[in-house]
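Quick notes on the structure that follows.
Letters A, B, C and D name the chains as they come in the text, with residue numbers starting at 1 for each one.
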Amino acid sequence: MSQLILEQALNGLQFGLMLFLLAAGLTLVFGIMDMINLSHGSLYMGGAYFAAAAAQASGSFAVGILAAVAGMALVGTLLELAVLRHFYKRDHLSQVLATFALILIANELVRMVWGPQPMMLNPPEALSGPVEILGFFYPAYRLLIIGVGLAVALFLYLLVAKTRVGMWVRAGAANREMTEAMGVNVRRLFTAIFALGAALCAIAGALLGPLLAVQVGMGENILILAFVVIVIGGIGSIRGALVGSLLVGVGDTLGRALLPTLLRSVASSEVASNLGPALASILIYALMAAVLFWKPQGLFPARG
Amino acid sequence: MSELLRVRGLERHFGGIYATAGVDLDVGAGELHALIGPNGAGKTTLIHLISGALAPDAGAVAFDGKPVTDLAMHERAGLGLVRSYQITSVFPHLPALENVRLAVQSRARDWGSSFRFWRPAAADRAMTEEAASLLERVGLAGRGAAPAADLAHGEQRALELAMALATKPRLLLLDEPMAGMGHEESERMADLVASLKGDISMLLVEHDMDIVFRLADRISVLVAGRIVASDAPAAVRDNPEVRRAYLGDEVVPL
Amino acid sequence: MSKPLRAALLAAAIASAPAFAADKVKIGFLSTLSGPGAGLGVDIRDGFQLAVKSLGGKVGGLPAEVIVADDAQNPDTAKQTTEKFLKKDKVDFMTGIVFSNLMLAVGKPVFDSHTFYISANAGPSQYAGADCNPYFFNVAWQNDNLHEAVGKYVNDQGFKNVVLLAPNYPGGKDAMSGFKRFYKGKVAEEIYTKMGQLDYAAELAQVRATKPDALFFFLPGGMGINFVKQFVAAGLSKDVRLFAPGFSADEDVIKAVGAPMLGLFNSSHWAHDMDNAANKKFVADFQKEYGRLPSLYASQGYDAALLIDAAVRDSKGKLEDKAAVKKALEAAKFASVRGAFKFNSNHYPVQDYYLRLIRQDGQGRVTNKTMGTIFTQHADAYVGECKMK
Amino acid sequence: MKKLVEPLLLAAAVALPFLLAATGNEFYTGMATRVMIFGLAATALNLIVGYGGMVAFGHAAFFGLGAYGVAILMQHGVTSAWIAWPAAVALAALAALGVGLVSLRTRGVYFIMITLAFAQMLYYLVLSLKNYGGDDGLPLANRSTLAPLDLGSDTGFYLVTLAVLAAALFAMKRLAASRFGSALAGIRQNETRMEALGYPVFGLKLACFVIGGAVAGLAGALMANQHGMASPNLLYWTQSGMLLVMVILGGVGHRYGGLIGAVVLLGLEEVLAGVTDHANLGVGLFLLAVVSFAPRGIAGLLPKGSRE
């Protein structure tokens, strides 16, 4: 039984870290620019498609990831300059409509370029087998994802906590007007943040592509989980996004795995296997609603 | 004289700053009680505390003999303890008449609840007429159709007062009603406030000393969150404590 | 006679005598062409259109108009497109749906409008049993059949502790009941996964914990591809034998997964190496046209088109005469790629089911090899409940 | 002149199905019914967003619950609309009450997020109802029966839907002018002042939220009948997004905003679908243009008089 718990915990950690890559970008855009960006999931989808196309063309997974990161950082910058910049001052309703329109456009463009069928993205040959540690088997590829996830988390922590840009980012999250008043070139900062967010999405898309599927509309489900994460963590706070994503990642995975077995003792196996996953998802949203109700600023409020 | 409002030991601090440090204050029925004090003395905070917009850290507020400390603002308003705002707070896109009519409609005890979904509000002619008469009373007779946002600043202050009066208050908390008005406009407002004395008791926060001494039955002086004096106008004028705290140390011919 | 004049006369003739032969055959082809199940829909479409092409763009001698639409594996979209086919395009036949849940959502309006549905894939147990309908024909199989064949083989091979895994939809439930109808050993666990799920980490950890001697899984298309890849990546293939129906072990999955599929036993009603003239021509034409080996879905699309062709020909194009068309469909006088083909009384096929093994063939390609026959002239288990009028 | 527009539009709408039937286009009657149903749901949302000033991002949950109410009752043999539709409305209103009681304690962007969270919870709840179809949805044996009227025919059902929509729009007009409506207008523009005047603001907003939920439930009941099934997709967040887009596109706070948004969006989708395989690209670009150049939506572009 302990093998099952350990394996599930690792799976949860892996999914949580990938959620963090999305949540980090989303929480900065939301926290600093007060912008609800529903098309954040499309950046993740774009990253997956760039990686798949590049990997198929070059035959190497690493080239795929690099192409995805570079490509999406560029797309993110262009998107911010061309469209999103005009919506920072607008009300949330207009932001919802504009970014919802971007989802439709992004899905359709991908369908036009790469077709409606899912694309093939295989993990690197060397990592397609399991790794054995002290008699415990775990897929090597998922360990790679955990490794990259932790590395990026560390990089973000250092960037935000230790560098000048990071200071501007934190200041912007705490009080945008004051940051502007102190002479920080806010326009360039926003573009940089958005590009960073897009690059993080690209990494998540490229890494999760082989596990899930590179297909049109893959962004919409994970986007909602990213929103849950940043609300629980506290809008605008990187630390909140990390804690929130681990909480949701492990919670959702363990819930999906253990709830059916727990329920089995009380209900028939058929009902348990249906109710289990649904209950796991409902619990995640219940947690979000509870945080919004009691501690609307989230667990780690960015705004003082 | 039974006092309408009894405030005992009211305290409120923001972090380390004691905006209100143990205030005792009474307003008698039908009395116009002026509250003066230098900027930053905590006058607006006190109004927030009495009206229920802010919860006190300590102390109690009683209205007409009943404790209201833990009642919400809209419940105190229902009892007749109504406030107006230092910074104009109206319905910008609604016509001036509708602003006042909404205030009239708020009196559930006279008109019944607002949970009426079918009958047009305009059909209650009495309500609209009362609103129109209030507009006239504050000098906005011809401006009923104009959206509140289009009114001049002075007119908006008058509208603010008309809305406060529309709730038929028993005690009206007026937070610098003449702020930002020209001399001639504030004169007209002062006459208006004077005309209210007798049927409505008021707690008036005001800087203009001429108006204060002309209107007030009683004056309390608030300095750094504390009442330093509370007496008839003449007594307060000669009180050395007030002069020093209020006018600084150099002697000023008065 | 000038062309427009002749067309006008023809139109007038048709308008006056409805029982007269229709001038063309409209076929509504609704299938899953996007999302995880897209591979199946695309194969059925390619097989179907290959047959129409080989008939010179005609069906039963009449020009064929095939309207293709994507249901994106979503019951709502399927229902809406069907209403468009029935009321706006007024199609004569409908075909192409891959998944049973969409088939069940769409069935009623199609049958109520007296339009023949020729299923090239979805064979829900409901339409084989109590809800069987004169307007529903399935040219592929009843959902349980391939799973029954694997169940019999696994049982005969003496496996005692098997885990079953299938998606949570009518097709998945039929798979489980089909397998258990012929497998008498212990079922360690029945795992239902969410329809369209692609990450099986949680389920694989559960399988590892229960330590079965064999695992039977039914996951069509993209779902199967991801499952097998993750199964091998988790290192389970060393001590747990994999079994699957043909759906999860056919050319589409093999092409995507490759070597890890070697040694997988599976069951099917068709294999590309079956030696009859129709099949040889089909496999050759398919490879020439699309550059890949056809999957069993493609063979079912191909047969569906041939069946419609035979029915229109035998009813002499009088598509309005529903009884005549129904009789022609039941007779099924067409050269199926599976050789002899006949319908049971509930319009489901009665046919042989073969054992296949994934091995490397002569040219080093990883593909299926037919090993033997599990069932001969096997009928589905629900025909008794069908009281077809 | 403005007085004439509404009756003329109504007359045209009544004539439409007969015209379509005569020219052999019954399919479009069904489509028009679907557009009207979405118009009703968007109008219900507009009551909350436009009149109440509350940006609710989970309104499709009540729309879907209404559909499920009818479908579940149908499965248990209750086919009469006189019973099923009010039951569906009650179910949606009850859900709206529950969600509103908790959500209305939050403000601004947190209100948007919490309504989204509750809608997703209801989506997963419905998804787990195995004996009501789970993620395959729950088909209806046939349409509800409405005693004297025949809902079976497309034209008949179209007319019933038109009647319900017209009644809802008229009720909206009455409600906007009523005391409740004027109080909502006050709350939308200056909530603290309404509080200071003594209005029970929380209660008024909750009532508005529940009415919006109930009307969406009625639209859901109609949808189940028109579509022939209730499916979890009706409750998914992208459906809520679609409803919100219709309200913003049509004109937030404008009486016909929801309906205009539904007609334009679904009409554009249908037209583009006929022309290209990539209809959504056109729809997306169109929406982006509207939000950039017509901030107050299409209704905002109409002559001032009809803004009312």
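One rule holds in what follows: a contact is a pair of C-beta atoms (placed from the backbone, for glycine too) under 8 Å apart; a residue touches a chain by one contact, two chains touch by 3 or more.
These figures come from a predicted structure and were not determined experimentally.
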Of A-C and A-D, pair with higher C-beta contact tally:
A-D
Would you mind checking which chain's mean C-alpha position lies nearest the centre of all protein C-alpha atoms?
D
I'd like the Å distance between the centres of subunit A and subunit D, where a centre is the mean of that chain's Cα atoms.
32
Find the geometric centre of each of subunit A and subunit B from their Cα atoms only, then give the gap between the two centres in Å, rounded to an integer.
52
Chain centre separation in whole Å, for subunit C relative to subunit A (CA means)
37
Euclidean distance of C-alpha centroids - subunit B vs subunit C, Å:
80
Counting only residues that touch at least 2 other chains, which ones in subunit A make the list?
111, 270, 274, 277
Multi-chain contact sites of subunit C, meaning residues that touch two or more partners
168, 194
Where does subunit B touch two or more other chains at once, residue-wise?
none
Please classify the inter-chain touch graph. Allowed labels: line, ring, star, complete, other.
other
Full enumeration of touching chain pairs:
A-C, A-D, B-D, C-D
For a test of understanding, state which residues of subunit A touch subunit C in their complex under the given definition.
1, 3-4, 7-8, 11, 14, 111, 116-118, 120, 122-123, 128-130, 132, 137-142, 210-213, 215-216, 253, 256-257, 269-270, 273-274, 277
If you look only at subunit A, which of its residues touch subunit D in the complex?
34, 36, 38, 83, 86, 90, 92-94, 96-98, 100-105, 107-109, 111-112, 220, 224, 227-228, 231, 235, 270-271, 274-275, 277-279, 281-282, 285-286, 288-289, 292-293, 296
In the complex formed with subunit B, which residues of subunit D make contact?
174-175, 177-183, 185-186, 189-190, 192-201, 203-204, 207
Taking the touch rule as given, give the residues of subunit D at its contact with subunit A in the complex, in rising order.
49, 55, 57, 102, 105-110, 112-114, 116-118, 120-121, 124-125, 127-128, 130, 134, 237-238, 241, 244-245, 248-249, 252, 278, 280-281, 283-288, 290-292, 295
Inside the complex, what are the residues of subunit D that reach subunit C?
25-28, 30, 134-137, 139, 227-229, 231, 233-234
